Structure formats: C-alpha cells, structure tokens
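You will see chain A twice below: alongside chain B first, and alongside chain C after that.
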Partner chain A sequence: MDELRLSKALETLTEASEAAASRELLAWRAAGGKVVGYYCTYVPEEIITAAGAVAIRLRARTNPETDTASAYMGNMCCSYVKHTFDMAMKGKYDFLDGVVVPTCCDSIRHMHENWVQYIPSQFSHQIEVPRRNDQDAHVAMFRDQLVRFREHLESALGVEITDERLHDAIKLHNETRALQRRLYELRKRENPPISGALTLTLIVAGTSMPKTDYNPLLRTVVEELEQVQGVPGARARLMFVGSCLDDPAYLDVIEGQGGIVVCDSQCFGSFQLSADVSEEGDPLDAITKNRLVDQAQCPHVSPSNQRTDYVKKIIEDFKVDGIVCSRMAMCDNWAGENFLLNRVEKLPVPVLNVEREYFSAASGQLSTRVQAFLETIEGARV
Partner chain B sequence: MKLYAGIDIGSTTGKAALLDAEQNLLGTCIIPATERPEKTARLCLDQLLDSLDLDMLQIAFVTGTGYGRVRIPFANDNVSEITCHATGAKWLCPTIKTVIDIGGQDCKVMAVLPNGRVSDFAMNDKCAAGTGRFMDGQARAMGVRIDEFSDLSQAATAPARVSAQCSVFAESEVIALINGGTEVSDIVAGIHESIASRLVGLLKRIESLPDVTVTGGCAKNKGLISSLQDMSGLSIVQLQGDPQTVGAIGAAVLAHEQAGLASKGTARLLAVPSGANAI
Partner chain C sequence: MSESVTLPPSSEYAVEHLKREIAFMEDVAWGLAGCGDEYALLQAPMFMTQIEFAQKTLQHVEEGIPFTQLWYPGVPEFCTAMDLHWDGFTRVTLSGPLAYLVPEYLLKMLEESDMTGLPGDVCTLRRFETAAMLAGKFPRPTSAVACLHPCDGVSVFQSACEQMFPDTPMFWADSPYDSNERGITYYAGELRRQVEFLEKHHNKKLDWDRLREVIAVTDTQYELWKEFDLLKRNTPCPMGSWSGYPIHHMLQNCAVTNAAPVTTEYLKSLIAYAEKQVAEGKGRLENEKHRCLFMDIAPTWVGSITKILEEECNAVVVVDGMGDSRPYTPIDLTSEQTILEGLAKRYCMDTPMIRVSHGTLDAMLDDLRANVVDYNLDVVIAPGHIGHKDVQAAQGILRDTCREMGVKLLEFNYDLFDPRYTPEEEMRKILTQFFDAI
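The block that comes next holds the complex of A and B.
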C-alpha cells in the first residue's frame, strides 16, 4: 500500500468536496468548458456530458446564509434549496451556464420558477419526473422529458448531442459508478477500511468535478484502500437513510459515538451507484430505464415497497445493526419514511429517527440520541 | 470502602449519587448548575462526599451522564441519560417498564425491558414544550413560584386551555388569560394538561407498558403527575427518593457494573443487576 499515493488522492478529493467550485472545475471553465448545475439523481448527467459540458450537483456548504433566498421563498421551503438558491442569487454560482431542476419536490420546483425570473442570464430547464414508475405511461413520459431536455440543452449550449456522444457519456459515467461500487464493497467487510464520513466525502467530490478528473483519483483511492486492513472495535454497523446528505461532518457526529456507517439509502450516496446505464440499444431508452426503473428510487416515486426492499437488501448485504433515519426539516418526500420503516415494515434492526437542517448546529442533540441508540443496540446483544 | 459514583450534569442542575461495593445507595445530592459543567460536577460530588464524610480517593469508578457528560474530567466513562434514567428507575423499582423523564430542557420516554436495557425511546429536545423551562416561563408570567404549581392546580375548577405548541407563544397566551380574568389555579391546571398531552404524544411513539414512572425535577409536581395519569390512562408509580436524582443513581449503578467488568477485562455490557438496597 502506497500511503503517499493514497493521501494525495484523498487530499485532492476532499478539497474538491469542500470548495464552492473545485480547482478542477475552475480549470475546466478557464479552458472554455461549460458547466451545468443540477439537483437530484433523476437528472441524467450523461446528457449533460454528451453536450460537452460538466454536470455539477448543486450544494451550498460554503453558504451558511439564507437571507436573500428567504425573501423569495416561503417558510415551507427546505433549507437545502434555500441555501443553494441564496448562493445563486448572490452570484456565487456565476460559473454555471445553466441549471437543470427536476419536479421532484415543491421546494425545487419553486426554485426553478424563481431562477427563470431572477437569474435569466443562466438558463434553467425543468424536467418533469413522474410520481410513479410502475406503468408504461410513466416511462414513456419520462423519456419524452429527456428528449425535450436534450433539445433545450442543444440550443442553450449551441451543440449537437448525438447518440454516439451519449454512448460515450454513458460509458464514462458507468466507469464512475463501477469505481464507487468497489468503494462501497470495502464497507461490507467486518472491519471496513473507511468511515461513512470519508466515503461521503469521496462520493460528493464526484459531483463537483469533471468525471475525467474524478475517475482516476477515485481509482487510486479504491486500489489503495483495497489493501488496507480496517480497524476493529466499532460499536455497531449503522445505515444512514434520509433526505439528501452532502455533509460528511454530520456522519462524523454519528460515527463519533463509536459506530460506523457502512451504507446508506440516500441520493448523495448509494442511489448514484446502484445501477449502470445499459450500453446497448437506444441511449435515451437506456438512460430512462436507469433513472426511473433500475436505480434506487427516492421517496418522490411510488410504490414504496421498492424502497423498503432496497433497505432490507442493504441490511442483509452490509450486515447492518441499526438505521439512522434523518429527514431534512420541511422535506415532504422523506416525511413518511420513518413511519414506513418503523411501523409498516418489520425490519430486523431498530431505527433512530432524527431531523436536521441543511446546516446542523446542535450536534449535542444528535450525539446524545446516537449514543442512546448504540446503547440500545448493545443492550440487545446481552 | 470502595465507592461508585454517578454524576448527572443537566441544564438546570447537577446531581451526584454514590453506591458502595454491595450496591447500597449511600446518598445523593442536587446543586444548581454553574456556568461550566466540569465545575458543577466537581462541586456536586464534593458536596455529597463531604455530607457523608467520605473521600474522592475511595471512588473506584465514575460514570457521567447528562448533556455535560463529556466535560467531566474525572469520569471514567459516560453513558447517555436515556440509559441512565431507565437503569436508575428499574433499579429503584424492578417492575418498571416505561420511564418518562421531564427535565429542565428536554423530556423523553423510554421503554425498559426485563433485563434493564432500553429497547426504544422518544425525546423532545428541540424546544421547551413539556419541560421545566416551559413551566419557568409561565410561572414568571403569572408571578408565582414553580413549587406552588402543584397546590394551585389542585384548587382548579375549570382548567384553562393552553393550546400553543410553542412555550414562547404559550407565555403570551397565559398573559392573555390572566388579563381576561382567568383564575391562576385554572391556568396552572391548563399548563399541566398541555405538558401532559405533549408527553402522551411521546408515549404513543413507543410501546409504553406498565409499570410507568416519572423521573426528573418536574416529577415532584403532583398536579402535573395527576394530569398525566388522567390524560394517558396510565397509573404512575412513584419511585423512592427524589425523582430528580434517578439519572445519577442509574449512572452510579452502571459505574459499579463497569468497574466489575473493567477488572475482569470484558467488553461493555449494559444490564441492570437484580436487587436494590436503597436508603
């Protein structure tokens, strides 16, 4: 194992995950490259890549204020959207050529409407995402949305998005997913060589830079970590379930009590790597099927059994002892999930329910609950 | 004589409890919280030791709990207050299956299994609703003392409805009631009902079986306990001693256990030993 090689790659990826705009992204931009921001795993990055642009997931860890956004968005809007919109209104997202905003929730939907009105110099495209995925009509509708998206992107960026370019993009993003799955595989071990917090840092880094920069860096990390022996002594193996979490510090608080987060069901985590896009046949068909059918689904999409089946599979594959179900305040999509997991499904492991904001100040409350939860899990081993 | 200490550093008060090697509860102590948890812990333990004519050097193991638990420099271990309250309540009364803790700044409910471990819990620490802090605010608004609440509520003829979820808004509501001529006793009864209904909500989140008990400073308010019994339909078992010290007692019991395990070199184990000899 080459410690220097590993630590250099980790340092680069960590810096990228913490910056408002990563060094790699700014270099791409400086060289004339286009950048398109987006919310949510239903937006096909592949189409953005095929347009010759880099897709960046919208985040706001460097923007703790919402004073501007609050003037445009109501109290019911979730803090994730408020902070990101605030950033955009303050010009901190000037490096974007445009954004893609799906209809995944009302907060995000209203953000699009505000963006179109107040930030017209950067285009905003809205993709309608169906609320169910179990009927042909849903699949057909979503594919049609992707056709329209491709057309809008072509005109906004002045490019042609050919099927060939789509195929190449699919291959590139599948490469990312394969590497991320290798990373997650390491966490199935009895003593994982990587914490949940650091894993999240690495996944988030991938959403902040060109994949052509990311993939080799991630490959380095994975190859080195595969040779590392994990340290034993974790009090319990935990799974994070909840509204999009892009803040490794939150997992640090959880893991600070002695448990280790070995997997997750969330969109800045395993959703992204859960299924590859088929490299055969029509690319838009393949992307449609990946996002709406094969990929792990967000609670935005019914029916719910596909999500609980996903959680149960992870509990089994990763030998999970307990679930921390963390909903962002005001998040409608995830509002029923703890009820589903606690009451409806008889899961083989206990669930801790917590709530948070995009910026979570009160770590004492979280650490007390997690500590009590670990004591409960350990008590059950008596 | 070897001693085992539990220290519970809460938002409003610090508590300490001492057990001997045979698990006799030698004494407990409550002091108002100072501005620093480590100072509160030291003062509280010293006061207890002095009152019993015992020495810090006799203490074999200290377990800390409460929000200030990580700031107790002389603690050997720290355990969440959820586990400590459950452990303490069960140790004092082995038939306990549900514990409701109404503290200074949070309230929580715990389901306790036969071996003393917590199987499930629900807590409110996001706001003052259902806590001592809530009653503090109302007491101020009405110009009465908290320790008068119990007697006042028992004189109520028609409990006022205090509907606000938020304690800050509830304070405004109480002022409006006073100005409207509502009797203080009725207002206090209304406040008790408001807290009780908040706790019933928490109880519904876990499987709450009898015997049920209440810990924490607010448990000393008989009017509140009476409202809670009425609204929950559960009969509340009163524990021996001061309910505010149950967390510290639980921590002392765990200290005694951890010390035994530490000397045997075995892994952390959280089970309540049977039998209790309390003073």
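The block that comes next holds the complex of A and C.
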C-alpha cells in the first residue's frame, strides 16, 4: 500500500466517501439536478438514473447523534436507521428531492412511515421486497413493485422514464459494477495491492456522487492499482460478513492487527457488484432479475442456502483464512445469518462473531478479539 | 472449521419431552377441575385439547405416522380438511402452557436459549425455538409449513429450520406487505402452492367440499368471538384481563382445535358467563377504574403483571394484541379461488400480530382508534417487546395518535418471554407510578 501514489482521483473519492453529499453531488444539485436518496441494494438505482436524477445511498457518518430520532423510535431500533433518520429530521438531507425505502427490515420499513409523517415535503416511496425468490410469483411481485416505483418517480419528478433511458442507465451502472469487480479481482492476488478499508472507501464513494463522475475516477484508481505490487506478510486473509458497514475505519482496526480483508458479504460491498443487469430485452425484467435473483442476496431473502453457497464460493475464490461476522446490534436479519455461519454451516474456515453499533467506539475490544482470532488462524497452520 | 452443531439423530428426546409435557398438563387439568372457581374453570377446555393434541403427536411420532409441523400463521384448515395431523412449532417450543405456568421451566428455557449464541436482542421466542431445535425437542416432522412473518426474527428460525432438518420438505410462504386486493391475490397464490406441497408430500388430496365444511365451522366460531367481544364493551368489563387471548390460541395460534366442536362450546361458555355478569351489573374487578388496551402479546409472566394491574391499579386489560376479533371476515366459499383469498385475508391480514406487523401502520392505528372508542378505553399500554422492532420504529406516531385521541399512553421496554428483562418489582414501579399519575 505504501507504494501507492495518492492520486488526485483517489483523493477525490476518499473525500466523497466521507461526506453525506459529495462535492460533485452538491455541484449537480446546484446546477438544478435532482437527487434521490435510498436505502439498501434492492432499490434499483438504474430507474432513478433513468429519471435523470442521481441516486445516493443514505449514510450518516457525519451525524454521530440520534437524539431527535430517539423521540420517534425506540431503543430496539438499529443505530443505522436512527442515525440516518436523525439526519433527516435535522434537515441534513435537505439536498434530497426524495427518498426510497424498501421493506428490507422491520426498523427501516416503519422508519419510512415516520419520514412520510414528519418530513412530508419530500417525495417518498416504499418498495416491497419479497422474502423469497424461488418462485415466478415472487419475481413477478417484485417486478410489479418496480413498475409502481417507475410510475411514481415519473409523476414526482415530472419526467418520462423510457425503456431507452433505462437501457442507458443499465449500461452506466454495469460499467460501475465492472470497475468495482476489477477492484475486487485485485484482492484475489496473493499479496493484494489494496486493503479492505480502502476498497470500502472506494465503494462507498460511488454511493454518494453521480456515476458519470465516479466511473472515470474509479477507472483511474483501478488502473493505477493494477500496476502496484502488494506488500507480502499479511497474517491472514479475512472476509467481512454482516450488517451494512460504510465505515472504513472499522476495517482499519481489523487490518491494524496484521490481517487483510480481501472480500466481503455485505451490502456496501460485494452484493451490489456481484452481478450485472442484462442489457438485452425488457429493462424492467432485467433489473428485477438482477436484484431479486442474480445478485448476492441479503438475509432478508430466502432460501438460506443461496446465501451460504455465496459465502462458500467467496471463501474459495479469495482464498479466505477466516471470517469476521460483524452484526449491528438489533439487526435480526444478520443475527440469523451469523448464527447460521457460526453454529450450523460447516465452513472450512473459522468464524469470529462480533457486534457493533453504526458508530463504533469499542475499537480496543475489537482489536483484542481480532488479535486472538488471528492467533487462532496462525496456530491452526502450525 | 466453524463450530457446527450435531443434528439430533432421532426423535427420542422429543418423545421423552412430550410425555413429560402431557403428564404435567394432566396434573394442571386435574387441579383446575377441582379448584371450584367458575372463571378459572372456563379455561379447562383449552388444557384438555392441548393434552389431546400432544397425545396425538406422540402417537404419530411413536408409530411413525406422517404429520406436519405448522408455524403460526400456517393454515390448519387445510390439514383438518385433509385429515392430516399437525403440531405447532410454537406449541412445541413453549411446551404448551409449561412456559407460562412454571417459572423454573421458563428459566431453564431461557438458560438454554442463552447458550445458542444468538444475541440477546433477538426475539426470545425465536431464541427459544432455536434452542428447542438444537436440543432435539422437535419431533422430526414429515413436512413443515410456515410463513416468513411476522418479523425479521423469523428468518433466524427459518435458517435454523432449513439447516437442522435438511431432509424435511418445507414450505415457507412469503406474505405481502400490502393489505389490498393485490396482496390478497399474491398470498392466495402462496396458499395454493402450500396445498400442492401438502398433497405432494403426504400423498393426500384436498377435498375442497370438506374444506368448505371446515371453514363454515370456523366462520361460526369467529362470529361467536365477535359476540363475546361485544359483551366486553360493557362497563364494568364482565371479564378479567386477557380474556380474548385463549380464544386466539383455540382458533388460530396452534389452532389445536381447528373447527372442533369444543371450541364452539368454549366460546358459548364464555358468552354465557359474560352475559350473566352483564345482567348482574358485575365486572371482573370490583372497582374498575381504568380500561386498557395492551398492544402486545400476553407475556409469559402474565400472572404477575395482571395482579399488579388488577389488584394494585384497578385496571383491566379489556383488549390485548392477540385477543381482538375485530377484523375477521367470513370466507366466500363459492370457488377454490375465493376460498384461498378468504384464507389469505384471514391468515395474513386479519390474524393478530401478523395483521399489524406485516404492512404499513394503518392497521395498527385503525385498530387502536376503533378499540379506544368501541371499548371505552382510557389507557393504551404499548410495551416495546425486544423483538418487535417494527413497533419500536413507530413510537412517535403512536404517541401522536394517542395524544390526538386524548388517551393516556404508557410505553416501556420489556421482553415478553423473559421476566429477567423487566423484573416484577420494576414492572410494579412502572405501572403503579403511571396509574398514580393519571
């Protein structure tokens, strides 16, 4: 990593990853562009792009508070939901023209109703995500949801979302996914030229700026990294699995112990880049299939074997030595998944189970546990 | 290399457990029969049917007769019509009434659930289920039919089920978010596949005319439930707290007596008791001061909370989160499709907890508004069960709705299955301070 020259592109992307709204996004907004915020990889960015707006994934790294949200949501709700809703209530998302919320977890789905009730000035839409994907009826239902979303977005933004525009948007987002996969490919090397923390930084940057700005910047960084030789000596190759993580500092703590995070199974990571949207045929069919069937699924969607198969494949592809399962407190979906990986599945590598909040303060505890975990992995090699 | 569990090789432990459970329930029924309390005796049929049900499950396991396992809100009407025995995941998990009646047993369950490695903020029922599965408490069923609702926690249970019983065919229905025509049609499709699944794995054909007969009986039972609820609108309330809760169990939850005459008789006996009370101008409480809506399930420690409410606060829980007959609509028996749509509505949009937890807040708020008016309630108790993250995310809206209606709202956190979370003394403080203040 030391050999990497901090290019201007990398600097821009790092800056974008830190803010709720990047400099590029604010410039877009100032020029009259529309911005739609969303939660979760099941929300199809492509439709928002086809509406001529920029889709940004809602994050709250600049808002360490939940005092306002706590007046509306109980303390059993997850901290990610509370921090983001807190930002919304404080007007820190005023640059948004609207928000799209899926039904992907119990906290988020009713958070949407708070949004409707208490921030009525913004357009909001809820997308129902089925909990299964193994029947045609489930796929048809999700497609129907996307048709409704497309119509709602058209009326809210006063635009027509044609199939042609959808095809263009699909191409643009496929380009993003292809670049991000190149990034992940680098991590398969024996000595990866990029850390897990920096990968996360680059992925997160893509969720907070127009893809037309992001893609050329990411291409520059990827091409630069492809020329870099990684530093040998990582104590173990780790995989991160768990509730959404958008904080590279968390991975820094893990990697600070000498391991390297080479892959992940999480929604600010490999889920969104795991499969392209087909550029052939009906674009809504293609987006539906991509999100509900082809892409790696989060624990909201069953059956569970497709998820565990995905984890097993990644273990093999990235030559993983150990898994860090990190669940955000109050997240039932990932509690089940981590239980599965820890207690039920027969995985070929050891698993470390840890908990965190959206703003994690317990880095000392994490360091100690990762340190012990790495020693276990190393001990097993002897 | 991950620390995987060993699957229970047989149903030996499950059989042993069932036998102990039956013996205990027989003791309870015996004690109940001799207690001489008219109100307590009303609940005797529930115990008796649970005993019969557990005995039937035992017979099926011991003799190797195929049966299915249902997770609430499965559709027992299908099984009844197919003459297919089922047991309920929840019934097995809680060992019938054991978890509610024996504190030591509940404590043992809690200790076992703590050992699963599942985080403490996951619904304790889901942790109980998982612990029960790991312990081999579930007899290995021929098939299992379940629904991925009412909460995210179900995915914990579902994952465990799929992995622990890898050779057992399972059908997990996806329920829709919307409670409209689209949602009903969607879930009706899931139920049609459920029927096909049961037919395939049990080599039985559903007789739709028999199903019509079964549903006709249950429709009558739902009508009786409504009649009973109308009587509870009287002041003072003729019944004690949670009086609707056992009805839910009889009709739906484990539905151990689905379409059975005993349920009809049980409902009639409740109505007769309530009518007598009303005619005599009597309430269950001598000095009823507050009429409450408890927006959740009765906790396993319902006995102590009821005592505090009724004896120390003069408050009666007239309506609770499970015991409300409000939404049920009779099922149109015209065609297979109307039947499936009617059952879809019954088990996805009408059934308690599922009704308020599967979609938007509309159902919860509409029920709240209607219950407060119809039952003349002055207090809404909204306990934030650890597993009900959806309700937790709606606390502000709930508060504003109660404020608009001029009804007092008490919100607190608890675990409806774990009395350690909010110990009795703490609960007493919360409740008595609240009622003193109003």
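As a working rule, the second predicted complex is superposed on the first by the 376 of 382 C-alpha atoms of A that agree within 3 Å, B and C clash if a C-alpha of one lies under 4 Å from a C-alpha of the other, contacts with A are read in each partner's own complex, and residues count from 1 in each chain.
In this text, contacts are C-beta pairs under 8 Å (C-beta built on N, C-alpha and C of every residue); 3 or more make two chains touch, one makes a residue touch a chain.
Since this is a predicted model, take the numbers as computed values, not measurements.
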Partner chain(s) touched by A:171 [first = chain B, second = chain C, both, neither]: neither
Between chain B and chain C, more extensive residue contact with chain A: C
Partner chain in contact with A:372 - chain B first, chain C second, else both or neither: first
Touching partner for A:364 - first (chain B), second (chain C), both, neither: first
Chain B versus chain C as contact partner of A:350, first or second or both or neither: both
Touching partner for A:188 - first (chain B), second (chain C), both, neither: neither
First (chain B), second (chain C), both or neither touched by A:313: neither
Touching partner for A:330 - first (chain B), second (chain C), both, neither: second
Touched partner set for A:382, first chain B, second chain C, both or neither: first
Chain B and chain C contact sites that coincide on chain A, given as residue numbers: 350, 355, 380
Residue ranges of chain A touching chain C (in the complex, touch as defined): 71-78, 81, 103, 105-111, 113-114, 117-118, 126, 128, 130-132, 135, 137-138, 141, 144, 299-300, 302-305, 327, 329-330, 332-333, 335-337, 339-351, 353, 355, 380
In the complex, chain A residues that touch chain B: 350, 355, 364-365, 368-369, 371-372, 375-376, 378-380, 382
Chain B to chain A touching residues, read off their complex: 67, 79-83, 113, 115, 117-121, 123, 125-126, 268-271
Touch list for chain C against partner chain A, complex: 1-5, 116-119, 121-123, 126, 130, 134, 148, 151-153, 155-160, 162-164, 172, 174-178, 182, 186, 189-190, 193, 357, 360-361, 384, 386-397, 400, 411, 413
